[in-house]
Structure formats: structure tokens, C-alpha cells
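One chain, chain A, links the two complexes that follow: it is found with chain B in the first and with chain C in the second.
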Partner chain A sequence: MIASMLIAIGSLTAIGIALGTILGAAARYFAVKESPLEEELKAMMPGSQCGQCGFVGCAQYAAALAKGEAPITLCAPGGKVLIESLSQKLGVAADLSGLEEKGPEHAFIIEDLCIGCTRCIRECSTDAIMGANKLMHTIIVEACHGCSKCVPVCPTDAIMMVPVKVTLRNWHWPKPEVENTHTEPGVVHAH
Partner chain B sequence: MSEKNRIEVVYALPREQALLELQVPPGTTVAEAIRVSGILQAHPDIDLARNKFGIFGKLTQADAVLRDRDRIEIYRPLRADPKEARRKRAAEGKIMKKGGGETAA
Partner chain C sequence: MKLFPIRGGIHPDYRKELTSEKAIVALPLPAALYIPLQQHIGAPAEVLVAEGEMVKKGQMIARNQGAVSASQHAPTSGRIRTVTEVTAPHPSGLPQTTVILEPDGKDEWGELPEPIADPFAADAHAINGRVARSGIVGMGGAAFPSAIKLNLGEQKKLDTLLLNGAECEPYLTCDDRVMREYPDEIIDGARIMAHALGTPRIVICIEQNKPQAIEIMTRAASTFAAIEVIPVPVQYPMGSERHLVQAITGIETPARKLTADLGVVVHNVSTARAVHHAVRFGRPLVARVVTVSGGALREPKNILTPIGARVADLVEFCGGFSARPESVVNGGPMMGQPLPSLDVPVVKGTSGILALTAEEINDRPASACIRCGSCVTICPCGLSPVEMSAFIRKDNLEGAAKLGVMDCFSCGSCSYVCPSHVPLVHYFNYAKGALNDLERERSKNERIKTLAEVRIIRIEKATEAKRAALAARKPASDTASPGNSPSSNSDEAKAATDEKANA
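Coming up: the complex of A and B.
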């Protein structure tokens, strides 16, 4: 009686140890590395390599995010839309209170001031400015990521950042209290 | 090499930019692509004798042959006179940005 009990206990223990070892080994050898997450995060970035987050480029910021070393609110061109998708992806709560007043922006050239020097064109990493030497430069809004790198290089201060017009693609359901406190007349916010 | 070249024709106004994608056979020239794109019909204010055009910020001739993924840009003239603008800035005593804050990489 005692012998059969011991056999049962012994065999189950042996099975437990064996399966546990296999599972442990599998977890170690077949472990999915962190890089797929990093790749996914990188794909979510605007990809304009503007450096406003403080990292060299989008890939470096994605790597820091994957390791949990950087806050998810640093990407200015990505705006609130990116922060929200990042917070869903990473399961991190985002503090959006400080960002509310500044929606996504794009560059805009004041035509009376443009002297056609092409400095902004050379600065643009998304080819969003078209123009040539001594001819009018124009922002292609669709291609502009709002990194504002072109603003400081303009010798005549002809470039300013303006809010992106709300379209069906970037429209965001506003929270009632946010709408009441932050909506100014005549200003279109793209939340 | 693909059989057709994918190119774009762009005419940009401050509030509205026309960015037309089209596929043209190899050997197509800039003038032909502009004609095929239909941008002249969409924007009657373009006058190819007056508006200069180029590819990615560089002026080109009408008979230049396109390469794959070229972006033909139809430019508009400046509204400000650069020399006059500079004289005005100097008169206002604004500090001239030498090199526009460019740093050599």
C-alpha cells in the first residue's frame, strides 16, 4: 500500500521535474527577442528622423521605447495619435495633459518673404518642400511631418508652423471637458 | 527594371498642392509627362512658357528624359525681390543669419 503510494508520488514528481525542465529550456532557447517589438515601434514612427525627441533618429527612439527607457510622449511630429497608439501597444499610461494645446502641425511658407534660397529644401528630410533656386518654395502639406527643422534655417523667417487641418483620417473624438477649456474661436485643433 | 517609370508631377499653391502620380514608358521627356498628367487642365494658371520646372529642386529642360521615381515640379515665380528684401532687413537692423545656422556635417 505504502509502496504503491510512493511509486505514484515518485512518478508524478519525476514527470513534473522532466516537463518543468523541458519548459524551462524551451523558454530559454526559443525565447522571442525584444527586436520584433522594436521593429514594430519603428514602423509606427513618422520616420522623418527629425531628432526632436532627443534621440538621433526614429530607430534609436524606438529602441529606447522597447527597453522602457524613454517616455512615450517625446515624438512631436507623431502627435497625440502616435502617443495613443504607443500607449496601447506598450500598455503604458500616457499623460496627455501637457500636450493638449499643441496639435499636429505642418510648415507654411509666407510667400511675400520667400527669397528662393533653397536652404529649407536641403533641410527637409521628407522632400516636402518643392522649389528651386530663385523660385517660390511651397510646402507639400501631405508630405510634411511637422518636424520644424526648416523654420530656423530660413534667413527671412518666412516659415511658420500651422495646425494641421482636421480630416477624416486624423480626426479624434474630443473629450467634453477638453473641448470646453481648450477650444479657442477660429482655431482648428486636430486632436 | 520595371517596364514603366513611376513619376510624379507636382504643382503647389500655399493652400492646395496637386501631386499627380503616373506611370510613363521609359524615354518619356519632362514636357510629355507634364502634358500626359493633365495638370495643365486642372490648373489653367500654369503657362509652361512662363513657369519654370525641374526635378527635385533642380531646373531641367523640357526635352530632358525622365528616370524612375522622378518628381517633376512646376515652379512659381518669387513674389519678393531678394535684393530688396535683404536691403530692408539690413535697414531694420536685423542680424543677418550667416549661412542660415547651417552646420557642416
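Coming up: the complex of A and C.
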């Protein structure tokens, strides 16, 4: 009787220990190095590696975000949309107060000033600048995401950032302004 | 024929009597016509004329480009003054590229394509080609290029061509008048369209508040067994294509699907007439009937207007204003949009110009929602305006999207019934625009990501190649000339853009 009880307890204990060891070893040797959160954040980034956030690239900024070491408002090309989705993802309140309210922008080359030095072309991480040595350069607006990395390298200050133009295609009605949709308590309407 | 009920809807004061008995009159040619390159959904047309050029009536002045587009033609003979930016007939008041034509007064037709002698023996492609070449777009207001809709027979199994003569918007009577005055042209156009689509059946739906039109159209259709004229109940928004299809088939078009998926293609009656002109006479779409009405107008009229006449010309032809208009609306009072000024042209999709007084608009400040549920009861799409607007007010666009705000077609019934005057449809118009913006942003970010990745791969390959070349030529000097890399860069930038375009 006691022997059979001991066998049952002993065998279960042995199984427990064996499985625990295997699991422990697996956790150590087959561990996923990157946190899944970091991967997800990386996927949300613009991915242009412009480095304006102060990190080397998008992956590094995502890693810092995942650890909670960086504010969510650093990505210039991502803009307000990215900040909002990050704040939803990370559950961090988006502090948009420090951010000046500016819409999306793209670079623009003042063609009279361009000397064709190709410096900006080398700087552009999305191949949004067309041009060649000693030939005028120009921006492919559809490919420019407004990181403004090309602006400081221009020796003749020929590049400036301009807001993306509102056209009939992308215009939409603004949000209606309704002053008082909730009747204030204490206001009694006389009839 | 058995009709099926549609959900919700309202019964506004129709006020069609202002113009319903006024026969169509032609507008005297104005001093200049302003023809925008984009009067339709899709890509703007590519301009073919230059300043100073003389054109004949019906000559193509801008060619359609891209998959969805429509060409533009000279509405009369004359001289091209210039091609420039002019305020569009759009609530934003933004400019758009417009051809300005000075009529020479002769109104001389140019060379037109040959009429298709027997359209019912002709190939569907020939008819579609003619419709596309004639710049015909949906004339009910949406202005979708008609040739594309006539091509649907190739992709889907269709059984019915539904001609929309419901004209459910208050005030508007242009379709009513066209049906009464040109029934045979509409019927002929409809038969040609049905032939191109391959649909055996044609159904013409007209709201019961147009008894003369119903009678005249029924008489005109009586010789054709395949054509049926169906009076539909007076219920706004009966003229929405999804709701008309539901009324005759009993099936609701699923969200993000087309009525063509149910085997029905809907075209406006005036579009059928334009097809008749294009196929039988080779004449492109250069004029349309516009209802000019409203309490602020001295003499409301149905006007045959050349495309590009200014709204101010129409107002002047109607004797000007008798009272100060609170708003001048492009389209009907329910779904129409305010015009930024009277100096904008009439385009192919302009069905009405309404000068409305303050009483007619009845704009009152919004007060608190009392959660009466009227908007939910009347929403013809089965949405919940009260909940969606609450989400939008709190900037939760995702929440509104989950409730189906993108399926709202802005009929305005909810705003009409709201006892608290909450600008419900304004909220939805804003939300739809903002959600489209986000979508555009998202797809741009995807594109940018691909571009950046392609560039990184290319640079890696280039360094790899350089290293290999260096290793092969042992102590050689750096051979890569500085001029090479940028030019190859721009080449590959092009390649990357192509890639993006393909993606």
C-alpha cells in the first residue's frame, strides 16, 4: 500500500523534475532574443533610417521605445499618425503639446540655386532626389517623406521644406465645431 | 412588378413645383466658357490645346489618361483664351486647371466620328470606345466615367440595366424634364447600353411624384418588351443606386461591393441620352440640363447649359436674385455642397444650382443629443449615426470606422431628422475624409519603407562589387569615379519608383 503510494509520488516527482529541467533549458537556449513588442514597433516605424530621432536607425529607436527609454514623439517622418498609433500601442499618453502643429512636408529644390553637387542625393534614404553631377536636381514628391536630412547638406541652401499641398484630391471637410452639445447643469430653459 | 421596401428614409418637402412645369430652355452662349480638366472621378484629362488655338464644337480639348478618366470637348466653336488655374465648383474653393474658351458665336460643329449605323449589331467594345471617346460620365451627380461602368459586362454576369430616373432630391427637376421631353432618346440610349452590357432586361425607375414622366416613358417603352417602367415610392434617398437595386431585387448590396455583383448596373437617364447622342450622331457630351432653383432666385428654370458656363451666367439668365441667398448649393439640398462663389463653372456632374434663403436652410445651432434614436430609425444604410458621431466628436475615428462610417454615403437624412440639429452628416463627411487621409498616409509609409529597403540592398551590392573589383586588381587605385555613383543612383531611383508603381 505505502509502497504503491511512494511509487506514484516518486514517479510524478521524477516526471516533474525532468520536464522542468527540459523547459528551463529550452527557455535558456531557444530564447527569442528580440522582444515581440520591439518587432512590432519596428514594423510601425517609417523604416527610412533617417536618424532624426537621434538613434542610428528605426530598429534602434524601436528598441529604446520597447524598453521605455525614449519618448514617443521623436520620429519626424512618422508624424502625428505614428505618435498616435504608438501611444495606443504602448499605452503612453501622447504629449502633443511640445509638438508644433505642422502638417506633412516634403523637400523642395530651388532649381536656380542648385549646382548639381549630388550631396543631397547621397543623403536621401528613399531615393527621392533625381539628378546627376553638375546637373540640376529635383525632388520626386511621391517618394519624399519629409525627413529634411537633405536640407543641411546643401552648400547653396537650395533645399527647403514645404507643406504638402492641399488639392481637390486630398481636401476634406474639417471637423464641425459644435460649441455646446451638452446642456450645462443648472441651466433651466424657461417656457 | 413586386417592389421591396427599403430601410429608413425621410419625406422632405419636395418643392419641385418651382421648376417641374418649366420646359428646358437653352442658355445663350456666355462670353467665355471655363472647362475644367477634371469633372469626373479619377485622373484629370491631359490638355491638348494651347493658347490662341481655334477649336470647333465637339473637338476634343483634353484627352483621358489613366484607367479611370474622361476626356473633355469644346462645348462650342471659338478661340482658346488660355489654360490656367480657376476656382473649382467645389466647397474647398481650391483652384484646378481649366481651359478657358471664348465662343466665336458660330457654334460650328467640327469633324465628328462617324455614327455607329446599327449599334445593335456592333461589338460592345465599339460602343464602349465611343462612349469613352465622347467623355460621358454619370450625370446623376457622381460623375463616374460611364465607359468603365459599361465594361462591367465583361467581368460580371449581369441581368438588368437599371435606369435611374428617381430624382429623389428636393427641388431638382432636370431628369424629370429630360424624361418628359426626350423619352425616345433615353429609351434608345438605354437599349444601346443594355446591348453593350449584355443585359436582357431594362428597368426604368421613376418616383411616383412624377406622373407625367411615368406616363410618357411608359408610352415610349411600350414597343419594347424588354423595357419596364416602374414607379417607385416617394422616399428620400430612393435615388441612391444601392437603394433602387434593393427596391427592385429585394437584395441589399453588401458593403464594399458593387451593385454589379448582384447583376444590376445603374445609369442615370440623362447619361442614357448622352450615349444616344454619342452613338447615333458621334456627338460628345458638351451640354447638360441643369435645374436652377431656390427661394432666392427670381425666375427658377431648367436650363440646357454648355459645359463650362459660369454659375453667375445661369443666375443672371434666371433674372438674378430676388432675395439674398444664404447659400448657393451645387446639387440637391440634401447631398449638394455649397459653392465657394458664383464664378465657378457648371460641369458634367452639375444637376442643380440652388440659391437658398435662410428660411429654406433653417440652420439652427446644435444642442445636446437627447438620444431619441430618430437618426438610427431613419438611416437608410442601417448605421447608428448617434454612436458614430459620439466617437468622432471624441476623435476616435477608428471606433467610428468599426461602426461603419465608411459605408455612410452622406444622404443627410440623419441631420434632417435630428431634433437637436446635431450636424451628424458633417461629422461623417469629416471622418470619411480623415480616415482616407490616414489610409493614404499608411500606404505612403509602406512605399517609403520599400524604397529605403531597396536602397540599402543596392548600396550593399555596390560595396560588395567594389570590394570584389579591388580584390581582383590587388593594389589598384580606387576606380569608382565620383560621377558614376549619382547617375546610377538616379537610374535606380527611377527603377525603385517603377517598382513602387508596380507594387
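One rule holds in what follows: the second predicted complex is superposed on the first by the 129 of 191 C-alpha atoms of A that agree within 3 Å, B and C clash if a C-alpha of one lies under 4 Å from a C-alpha of the other, contacts with A are read in each partner's own complex, and residues count from 1 in each chain.
The rule is short, and it goes like this: a contact is a pair of C-beta atoms (placed from the backbone, for glycine too) under 8 Å apart; a residue touches a chain by one contact, two chains touch by 3 or more.
Note that this is a predicted model, so its numbers are computed, not measured.
Note on chain A: of its two partners chain C and chain B, the one contacting more of its residues is C. Once the two complexes are laid over each other on the shared chain, residue contacts for A:G47 go to chain C alone; chain B is not touched. Of the two partner chains, both chain B and chain C are touched by A:M130.
Judged by the touch definition given at the top, the superposed model places A:I140 against both chain B and chain C. Contacts of A:I121 after superposition: both chain B and chain C are touched.
Once chain A of one complex is fitted onto chain A of the other, the partner contacts of A:G16 are absent, as it touches neither chain B nor chain C.
In the superposition on chain A, A:P155 contacts chain B only, with no contact to chain C. Of the two partner chains, chain B is the only one touched by A:D112; chain C is not. The contact surfaces that chain B and chain C form on chain A in the two complexes overlap at residues 118, 121, 127, 130-133, 140, 142. Against chain B, in their complex, chain A makes its touches with residues 108-109, 111-119, 121, 127, 130-136, 138-142, 152-156.
Within the complex formed with chain A, the residues of chain B that make contact are 10, 12-14, 17, 19, 52, 54, 56-59, 71, 73, 75-80, 82, 85-86, 89, 96-97, 100-102.
On chain A, the positions that touch chain C within their shared complex are 46-49, 77-79, 81, 104, 118, 121-122, 125-133, 140, 142-143, 145, 166-168, 170-176, 178-183. On the chain C side of its complex with chain A, the touching residues are 38, 88, 90-92, 94, 96, 365-369, 392-393, 422-423, 426-427, 429-430, 432-434, 436-438, 440-442, 444-445, 447-449, 451-456, 482-483, 485-487, 489-490, 492-494, 496-497, 500.
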